[in-house]
Structures are given as C-alpha cells and as structure tokens.
C-alpha cells in the first residue's frame, strides 16, 4: 500500500537529511529551480521508478516527475530512466535516497531476469525466499516479480511451511501435517520440508500440498519426484546458484526457490544529472 | 541508539510475522522450550550479533542469548556465532529476521575486511559512502567499521560536501567554498568535488579542507596530489573496485571512498539449528 | 505479536486517560496500594485475560496479576476471572480499559460457543468473516477461536477470494480462476463467490479450490453441493443467523461463514471490585 | 480531529490489506475505473459517512465520493448512502473497511435513536458511558450524538467522578468532595457515585455538583431525588435496559447513563455494489 | 501518563544524539562506569526530577538514580538534586537532555513560587494558561502546580470558554451561553470572556459559571465584581505581571490567570558533575 | 525537513485539541468562514511564520494564509504578521498553537538580535548551545539564525567536543585529541574544553581545531588567546550574559557561545484577531 511505502521513504530521508542538508541549505537559494535525470550507467532491468518518483514528490509536492523507462524494461547504458523538475533543493536532497532505492531494486530485477532466462523453455517456477533486507521485503519481492520470477509466501502469515522443529514438536510428519490441515484456515496450503526419501513418502501419505526438498543432490531429487508422482507440488531449496538452475529444472521439480535473488543481487549503477533551470514559466 | 535499533527490529518482525506465524501457532505448544545456534556456513567476519540477540529478546524477554563470536572476529565454516535458549515459538519466529540482519551485516564486514587488506602497509583511509540500504544506514556503517574501514559523513547533516550543482548555484568554486566556510558551524569541514586539475587549483586557493577527485584516471590523480601538496586532504571516488585499491593507494591520496562496501557486498551464509530442550529447571 | 497488542493498549489508554485521571490524581496518594478482582456478572466464556492483564502491567510494571479463569473457560455469574494487586492508581486508571477489552472479546467467545453448539455432531466448520471492528481484528479473530469456531482468511493478503467484480474485470469465471491460479504464490488456495448453479459448474470446471455460495436458498445449496460433489470445498455465506445453522449444516456444505460472530455479539457483563490494601511487605 | 481519524483508517487498512490484496492485484488492472454504492439493507440511522468516504479517498486521492444520506438521517432498506467512483482497485480494497466503520457507527446511532424515543416528552438526558470499543471512543461517542443522545465525559480527564475507592482513600464522602473541589481546575464539575440514601445526604451537604445513583431500585431513586431536591443534578446508572427507560424517567432524575448504547448495539446491515465503469471522461 | 513522557524523552534524545554521540563513542569505552550529580547553580524550586531520572534510565536500564531534592523543594546554590550512577556513556549522552528538562521546569516552578508569594494571605487562585511550549504542556502545567499555583483547563477539550468569535457566531452572549449549557456534557462548566460591564450583566443573566474579565482596568474590575456579586466565579486575564498581582487580588476577583508563568519563565541554572568510578562491585 | 515540522505541529495540536474543541464544536457551525490576523503587540523580530501558517493549513487544507512580515523583519507594535482566511473552526482551533510557536521563536530571534548588536563592529561569532527546549531544537536554532547569530553543532553527532570526562577516560588531553582525530570521519573538526592555561598549551600541541575556554576570567582568556596565537579557533563559554558580550569580544576570541539565547529568551507578545467573514466567493 502506498502509505507503507511513504513510511519507508520518510525513514530513509530522515536518516539521510537529519538535522538538515547543510551544504545545500547554505549554497542553494530556496526558490531555485532545477531539472534532473536519473541515468543508467550499465545495462539493467528497471525497478523502483515509482518509489524514486515519490521521494522527490515527498520533498517537493510541486515536483514534476516523469518515468522514461518503466519497471520491467531493459535499458542500455546511458538511458534516461526518470526525469524530475522542480525545486533544486528537493532534487539535491532526494538524489541519493532515490538512487539508493533504484539501484537495489533494479539490481534484484536485473539478476532475477538473468536467472529466469536460464529456465526458459521449462515449466519450472523460480521463486524468492524470506531472505530479504529487513524492512524492505515488500519492495524486494516486487522487484523479483518485475524481473520475471514469482514470489514464495510473503511472510509467516500466508502459508503453512512445516520444518523439522515443527515435526519434532508434533511427534512426526503425519501428525504435523494432519494437525495443520485440520486447523489452518481453508485458503492456505500446507508445505513440508523434508530431507530424505523416507520423509517424502510420509509427507505424501499424510496429504502435504507441497513438498520442499532441502539440500538434496540431483539424483535424490529425481527419485523424490518419482515417488511424489504428481500428488503434490515439488520445491527444491538450499543455496541454489544461477549455474545450477538449468540442471535442477531437468529433475522434474515444479518450483525452485533461490535466496540470492534478494540477498545477494549486486546493486546496479545509476546516477543523477541535475542542471539548473532558467525558469520560463511563471507559475510559482 | 538502542531505541532506534528496536524500531528496525520491530518493523522487520512486523513485516515477517504480520497476522501471525500460522505454522508455529498451530504446531508448537506455547510453553515449549528450545535452544538454537546460529552457525557460519562459510568463513566470514561476524557483524550484527547484538541486533540478532535483540530480535530474540524482543520476542521473548526471558530468552537467554550468548554471543559466541564477537563482532569483528573471523570465524571458520561451522563455527557457532550465537546461542539462544528460551521459548521455542520465539526461536522459530525470530530465526529468519535475526539471520537476515546478520547475513547482510556480516557480508559487509567480510567484504570490507578484504578490501582493507588490499591497503595494508599504506596510510590510505578506506571509507564508505551514502550508498546504503534505505533505513539501515546506521547498521551498515557500523558493519563497515567492524570490517576495519572508516566512515565518510553519516548523512547530509554532518559535513559540507560541495558538488557541481552547488558550485553552479554560487557562481564558482571560490564563491561556494567561501560562502560555506563563512556560514557553516565551526566544527564542520568543507569538502569539494572536482573533476579537472584547474578546479583542483581553485579549490585549494579558496581554502577547501578536503578535495574529492571524482572519476579521474591515475595520471590525473597523481598530478592533483602534486598540486594540492598537503594543503588539503585528498579523496578519490567513483566506482572504485577492490582490484583498483592498491594502485590508487600509490597515487598519494589520503582517502578512498567505495560505494560497493555497502551497496554490493554479497550476503554471507549463516543458518540456525534449533533443537527442542528437555526443560530441567522448573521456573515457568 | 505482543508488541502489536501493546500498541492497542497504549492507544486505548491514551484515549481514556489523555491529559490525566483528574479524580484519581487528586484523591488517591501516589504510593497507595490496592487489590482488584474482575468478576463475571453473568455466565460467559472468558476471552482476553492476557490483554486485560497487560493493561495493568502497562500502567504499573510492578503490578502482580493472576488469571483465575483461563481463556475458553465457561464461568458462572460471580466468578473471579482476574486478580491484580499493585498501585491503586494503576488499578483505577486501567479498570475501564481492561474491562472494555474483556467484555467485547468474551462477548464474541460466548456467542460463538453457542453457535458452535448448534453444529455439534456435524463436520461443518463454522468460520468468521472480515466484518470485524476496525483495528481489533487480530483480537476478535482470536476470540472466535476461543469460542470454538475457526477463522476465515485474516485479510486480503492470505487467500484468494474472487468476487463478481474480479470476474467482470477478467471476462469470466474461467479466466479469473485460471489467471489467479497461475500467478498467486503456491501456498494460497483460490475461492470464488458464485450466485447461481450455472456459475457453480463453471467454477468447478475451472479448478476452484473452494466455492462460496452467496445468499442461496437451501434448495439451491443442496443442488450446488451435488454438482460440486467433493471436487471443491463448499462454503455458504450471507447473513447467516444462529437459528439457521442446523438446517444449513444438513445441506452437506463444508463451511458456514457468519459475520455476526464478530460484528454483532453483545458485550458480556463484567465488573471490577477494588479494595485498598494494608501493605504488609516493605518493598517499595 | 481529522488526523486522528486518518490514523484509525490507516490502521484499519493496514490490518486488512497487509502485504497486499492478492486477489485484486492479480485480477484487476491498475488503471481500471469503477463506481460503487453503499446501500442500507435494513432501516437504519446513518452514522459514519465521513469516515467511510475518507477510506476511499485515502486509497485513491482521485476518488470522487458523494454522501447521499447524511449522518442522522433515517433511511429505508435499499437506500443508497454513499456513492464512490474512481479506481476499481481502491473501491475493492476499501469496501470492507468502509463498511466495517459504517455498520458499527450506524448500529450505535440506530439503537440510540430508539432509546431516545423512549424518553420523548421528558426532560431526561440520555447519556453514554466510557464502555466503548478500545481505540474507537471518539467515533462511538459521535454516533451516540448522531442518534440523539448526549455524551457523558470523554475520558478520565474532563470531569471528576468520585467512586468508592476514591472515597475510601480520602476517608469519607465529605473529605473526597472537598478535596476535589478545592484542587480541580475551575471549569470541571464534581460528580460522586453513591449507593445509599445516607451517602446521598452526605454528598449534597459536601457540595457535589452531580450525584450518581448506582444500581438503586426505583423506590430508592425516588427518595434520593426528594432528598437532593434540586441541589445537584441526579444521574442513574447501572445496567439500564431500553425497557427501563420510561419508568426511570418518571422518578425525576435528570440523567440516565446507559453503557449498552456503545457496547452492545448490534451492527446494522449495509453492503456495497460495485460496477465497472466505461470511462467517458478523459482526465487523469 | 508515563508512556507519553517516554515519547518526549525519546524525541529529545533522538534530536540530540541522532546518528550517534561521536565524541563519546570514540573516547569512552563501552563498559566504563561513572557517577554524576546534578547540582543547582542558583537558588531554585526543583521540578522535573522524575523525567530527568528517566532520561538516564532510558539510555541505560541498569542506571541507578536517586532524587536528592524532591519536586517542590527550595534548594540553595550548590545543592545536589539528583545522583546517577551507571554507564559513563549513558551519563554523558543523557546529561544535556536531562538538564534541558530540569532547567525549564524548575524555572517555571521557581517563578511561579515567587508569584504565589505575592498573593499570600488572599483567597485568590493563581492559574496558568494555554500559552505553553508546543509539545510540553503536560510537563509545564505540572511545574506550575509544583510552584504552588493552579492549572486552568488543560486544553480545548476540558472546559467551555466562550470568546468573542463564539458570541458572534451565536448572535449574542445569551444565545451562546444557553446553547453551550444545553449541549455540553454535564461535568463541564461554562466560562465566558467579556470586555465591558454591559457584557458582564448579560453573562450573569444567561447563567455563566465563570466570567473572564479581559484586559480591564482595576476600577472596571471592581465594578464587575460588584455586579456579579457571587453569582459566578470571576477571573481576570490579560498580560498580568508579577507586580500587578497584589493589587489585582484586592479587587475581589477569584482567579488570576497569567501566561508568563509558562511562556516567559527564565530557565534556572543547573549543571552536572560526572566522575569516573572505580567499580567496586562485580555485577555484570 | 518539512515532515519533521509537521510532526511537531501534529503533537502540539493533539495536546491542545485532544478529544475536541468543545466550545467551538458547540457554538460555531461547520461551514462558517472567517479571517484572522496575527498582530505584534510589541516591537519584535519575526520568526516562525512558516510553521504558524502550516498550523492553519494542517487544520484546514483550504485555508488561505499570507505572510505579511517575513522571518527576520523587525516589526513595530500593532503590525500584522500573518493573515489567514478559511474555516472559522480551523482559525479558532489553531490560534493558540500558532501563537505559541510564534511567540517563542520570535522571542528568541528578538533577544538574539539585541545580543548580536552588542558585537557590532567586531569579527566575533555569537553562537547558541545545546541548551534548547526538548523537542524543538531545530526550530530554536533556526530562530537564532533569524536573529543574526550562528549555530554551534546541532547535536552530539556533528562535531567532536571533548570534555573533562572524555579526557579522563583517555588518560590526558593529548591522548584524547589524537584518538579523536585519528578515528572521526574526515569532515568533522575537534574541539576541546579546557579550564586552565596549562591545558590550553596541551590542547594546541596535540592539534585541537578549536579550544573552548570554560568559565575563565577575562585576564585568563586574554592569556589563552595569546598562547593559542591563531593556531586554533578560540571559543568562550559559561553563563555569558548580554552585558558581558562587548568586553569578551575585546579579548580576541573568535566565538562566544551563549545558552540564554535559547533557554531564557522571554516570549514576545503576539495575538490574533479573528472576524467572521461574509463569504462573497462561491467556491466550496
């Protein structure tokens, strides 16, 4: 929701501007106008233009912002992504925060796009994880979708995912799945994490909707897929790297989850060019 | 300050737990106790143990947490970093958030340590930039220090840094520096970003405390250092990579700033092992 | 999560105490101690004791609170539910807020228990809706569970529920279900609201996980159940009253949702008796 | 104040929408427009139209909302209360929250109106209590006024009301009243709760402005009114039911307070009809 | 309420410490202990010791604080007011904020005490106004009470005070008073501001509880008191100075309100002496 | 930043209006329009007009406000400072809060202007301190600049200021200065507080950027200035009074800091005149 994003922007600006932008307050007169372009310094998939625009609007409600390259577009080095014109003070105070959001989200989208390409021609769904930057999950999961992959659950609240400690607390796989299915609300499915073929069998018998194969080798994954045989969705997980994707896809699994989509995507390079504007129009 | 960190933890948990951890609420009884270890899955420099501990204490004020490897320590794969024992529900609900903080901050510290090593034997100071994750700057700048580098200014409020738009607004380098030095409070120094040797000369004449050489080649940097000749600190900046550090250090500059310390450090791999605990003590 | 509940308590106390409890501040000395009991004035199912206790602890961290009747227990008129002893000012300032939470949550639990009794001996699951008091949903849905019924989804975020406007926007039931199933994350099921038998057929063909029969008469419900024939869960909805429950259960549906569980349960009667305490102990 | 109401709306929407309206985000395109009517499903006194409108404006600042039946109006089943047209996503995301506010506030206004009717032809003032839903007091007390009754004090801060514990702490009724009158600011009156005729006499002698007769039978109330004889206002209180009002009014009291106005009014039935809109205008 | 005061402390510390106490973080080791005394540098009435103590406890929950001179006490220059021992970092970071609260609140209490002395031997009540520092009203009104004067209403919510614009909107003094008395809740009194003897008469006839004589000369005040003749309380107001008090008291008014008690009291001089502590105890 | 100022306004209004402006809500119809002027009742330097205007805009976004005397202007008694026209309810509800900000900030600016006049013809810089009203520092430091003086550091975060406890913790002046200079970021200068001529010498030798002479007599100050001889900036501090300024300036120091600029400036007298407006225009 917009108002949650505004909170993030407010926090980010408060952290950067604090008691004031001392340089700009001293050197740039209050009424001065300017125009700025955010430019890609490398090839990248754009993500986060909306939040970048709101940073400038937040600092100057009169700021005029235009998105020149939409989220999801691939742009070449040198391409202009956003244009903003309005108060010079607003442009200078917002520059770094806008870029910090953009470079991170576009970095995730760009890396995700490359991973998705690895899976072209398959039916496998590439999904993210909860390994996101604290406080930015909604934005980072959005960037994953912009890059062409899918989301896993958004948090602990919108999906049952049973792990070893849950199993231990219930006294077994069957008990855990049955208890969860009997009590959870009727729009949530139940996934269970297993680490052996024996557990795979138990999970299927107990009625799991999704089985997550954790850190198994390809051979075991193949056997698990055979055992499951369409009775549940199959997800593989565990330090998956981009170069593993194609091989994993061939094992017959339905879903591959990959933490590095969000936690290790390199920020891409964008910068802002601002120029003072001889104000032609008269509207103050 | 601690209460600011608590706000970050609260936001991170709210985003992950939301309306509730449905799996754990269904499957793990409220009174159950457990014990967990956070373990390094690769060699890394630890950073963020304090915030990770507070995540668990936030969820269960009775949680007992111990730091087994202090911030700044290098640990080998398999090393235990944190031990937490208390409510099983608290352990499970806090696991991901604690790890998300740790993997990011330790990632920055680990990468910074490697960069600092490149500069061993020189007097050059490696510093970060304002290219940080929105909302996490205080933590990320802390991780940079843990890794052995220094911080640049914390935000727009604690240092004057004059860029081209400020210069344009004032009508020249001299005017900008003079106006800033005359008005800023007497504990802040004045840095100016320049892109040519001519500007270097002007900046020195006008009395800049620090001169930032932006995106210059090594040859020009050397000439700039000669011109400045100790009359100001010299900082180089602009997409500096780890492999550039040693050569840049030899140019005679005082400070190298490097955005990738915070914006592109890869998260390191840590995980948590939780086990149910046969509760020996009787205090509920 | 606890800290969300603390926010609710803080808001409730701020609204009641505001600039200060003028009566108590004038008439009750700061150090005075007291003891209070919250007592049921009618037969009721207890719900909300935890939050009531936290109200007093919030006002006086030294307050000693005991829960005498647990959430879910049926208590007779005159029964003591909570005992609190500590600062007299804290008891008086918290009394109304604690009771306001308790009377509402216990009211929901009590009414829900009666409705659940109507369904005894059947397999039908009684669930709540999103028709809750703004800001109190987590607590009210908790009270429904205390009363013995189940929850429907917690909000718009943890379940797909396709209504007529969604269908219209997609160009038909089939298109809506297919698009949702193809894009939503793999732990969420898809429910669709239908209002005719023809739509029931379409929904089943398209693969809906749950079909909600909206405001149908019993005859039509029966026919819908026959058509669906176990291929999806069947939910009935629409101004269901307690006296309808038994008949609706006989139609063969799986789930009955009932907004009045939360929006129209009458508050039950509880009051607090406070007495001044001759302080025997010496710890200040 | 408006900004307090915005906080309530924000909280209510955050609780309902959380990580996103998954159904609508998947099935309804971002630019789609729609039009909706909120319709009364039973006869009721409207209350809360302003807050309902703000819900939609909050989600879509371009939303056009019209109030078709003003707060305080009696509307017949089928009447349109509010019209909103704008973003379809905003309509769908706001529908439930807007209705949840309206159904509760209109429920209180409707029930209050009926109670007020019972007192027609008398001078007795019907007032509410502090038995309100935590966090919604300002709105619920507003709905009471819309229904035609009056408010008692808003909280602990705007009126002295001395209860038994205050009396005990001061050593008697006289002492309590005197201390309060001597110290409280000069715009607040002093009310005292009494439970016997003897206490009534003491209260009057000590100069109470208002005497609250707590849980007395009609005969005793009559005697109390005689004793007081116009020297103070007389309020009766204590589980008053609608059917008691007329008889209580005849005892000669000035004020009757009734907790059920806010804590047990049944929500009234309203629903929203939304239709997709072929956008004729070109603005946006 | 305590939690409101905590918010003030949190804001004050955030504003002072921001991104960190750079001096102390660099020069004082984390575990170092210290002890500090807050000392009066001039004779003063102490006010605000509780909030000063909480500042230190907020920064270090293990801080041991003692109040050596209670709120309301007159202390001579050199007297110790508060002792705090605990983390040296906490002492240094909290010093300024604790003093800033204390010097302002004690300044108000000290000035108020002097004004109250002027009225010794009379029955006149000296009260403050709403001319307080934005955000600190609760504390400043508390300091006024500590100094021995009384409070006027706390805000716009706990007393009716009719001014000229209200009178104009209602069409006259009589109409305004009658409308207010008929609608306001029964624990609030009605005060009206008048500026002529004619208005005084009207106000009394209409039944005002309190009449505020605004900016009248002493002669007129005397006449107003005669006209009112005990039928309402009489308040004088309007740039009252300390040297006016005694004469005003002789006019027979009941209440004198004085904005300067809060808006122009000079801060008193207090400072803190901190010494490093050789830690004898072994805890922590 | 604007949004921080909005938070201050919101808090100030919440504290004043709370549960509602009972007088205005009862007596002034919702649609009524009015016009108001804020008028200086004494000669003063205006400061805070922007925040005063925002108070009214906050309460009524349609309010039209004009600044008739800009911040920094000297106005004579009777001068109009601000004009606001819009909702009468907004004018009445905002009046006190707007004035409370203005009277305090203009009071600081007015007093500062007088102090600055004392230093006319000298090169000495008059600066404020951190002795500000908790929560209002940004505004009060702004008022100091409006009055013509300079700011000292904004908080603990934007300047190193070494005091006796820091020196003690480091084992000496030299150690403290060296450690600070070696570790602090390169845009912050280092100031040290000294109390003897011996310490002055040590500080200079160790390379302090600024030396603060604390509570020294004029003779000692002169000697200190001689010793320092331009090798560092010299600041004097310690209960400086307006009448001391001229003499202190003659000692040759560079900077005089004066806490009373913010902590003891008397509020100046401003009031608001509101008149009902016959609405000529038709725009609702």
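Worth a mention:
As written, the chains take the letters A, B, C, D, E and F, and residue 1 is the first residue of each chain.
The criterion applied here is as follows: a contact is a pair of C-beta atoms (placed from the backbone, for glycine too) under 8 Å apart; a residue touches a chain by one contact, two chains touch by 3 or more.
Bear in mind the structure is a predicted one, so any value in this text is a computation, not a measurement.
Listed here as common contacts of chain B and chain E: A, C, D, F.
The pair with more inter-chain C-beta contacts, choosing from E-F and A-E, is E-F. Equivalent interface to B-E within the set C-D, A-B or A-D: A-D (over half of contact pairs identical by residue number). Chain centres here are Cα means. That of chain B falls 44 Å from that of chain C. Separation between the centroids of chain B and chain F, computed from CA atoms only, is 33 Å.
Centre-to-centre separation of chain C and chain F, using mean CA positions: 51 Å. Residue positions of chain E with contacts to 2 or more other chains are 15, 17-20, 138, 154-155, 157-161, 183, 188. Note for the complex: chain F touches chain C at residues 15, 18-19.
Against chain A, the residues of chain F that register as touching in their complex are 1-4, 138, 154-155, 157-158. The residues of chain A lying in touch with chain F in their complex are 10, 13-14, 17-20, 58-59.
Considering their complex, residues 8-9, 11-12, 15-24, 26-29, 32, 34, 41, 88, 91-93, 96-97, 99-101, 103-104, 107, 130-138, 154-163, 165-166, 168-170, 176, 179-180, 183-184, 188, 239, 260, 263-264, 266-267, 269, 274-276 of chain E touch chain F.
Interface residues of chain D, counted against chain E in their complex, comprise 125, 127, 150-154, 157-161, 183, 185-191, 209-210, 233, 235, 254-255.
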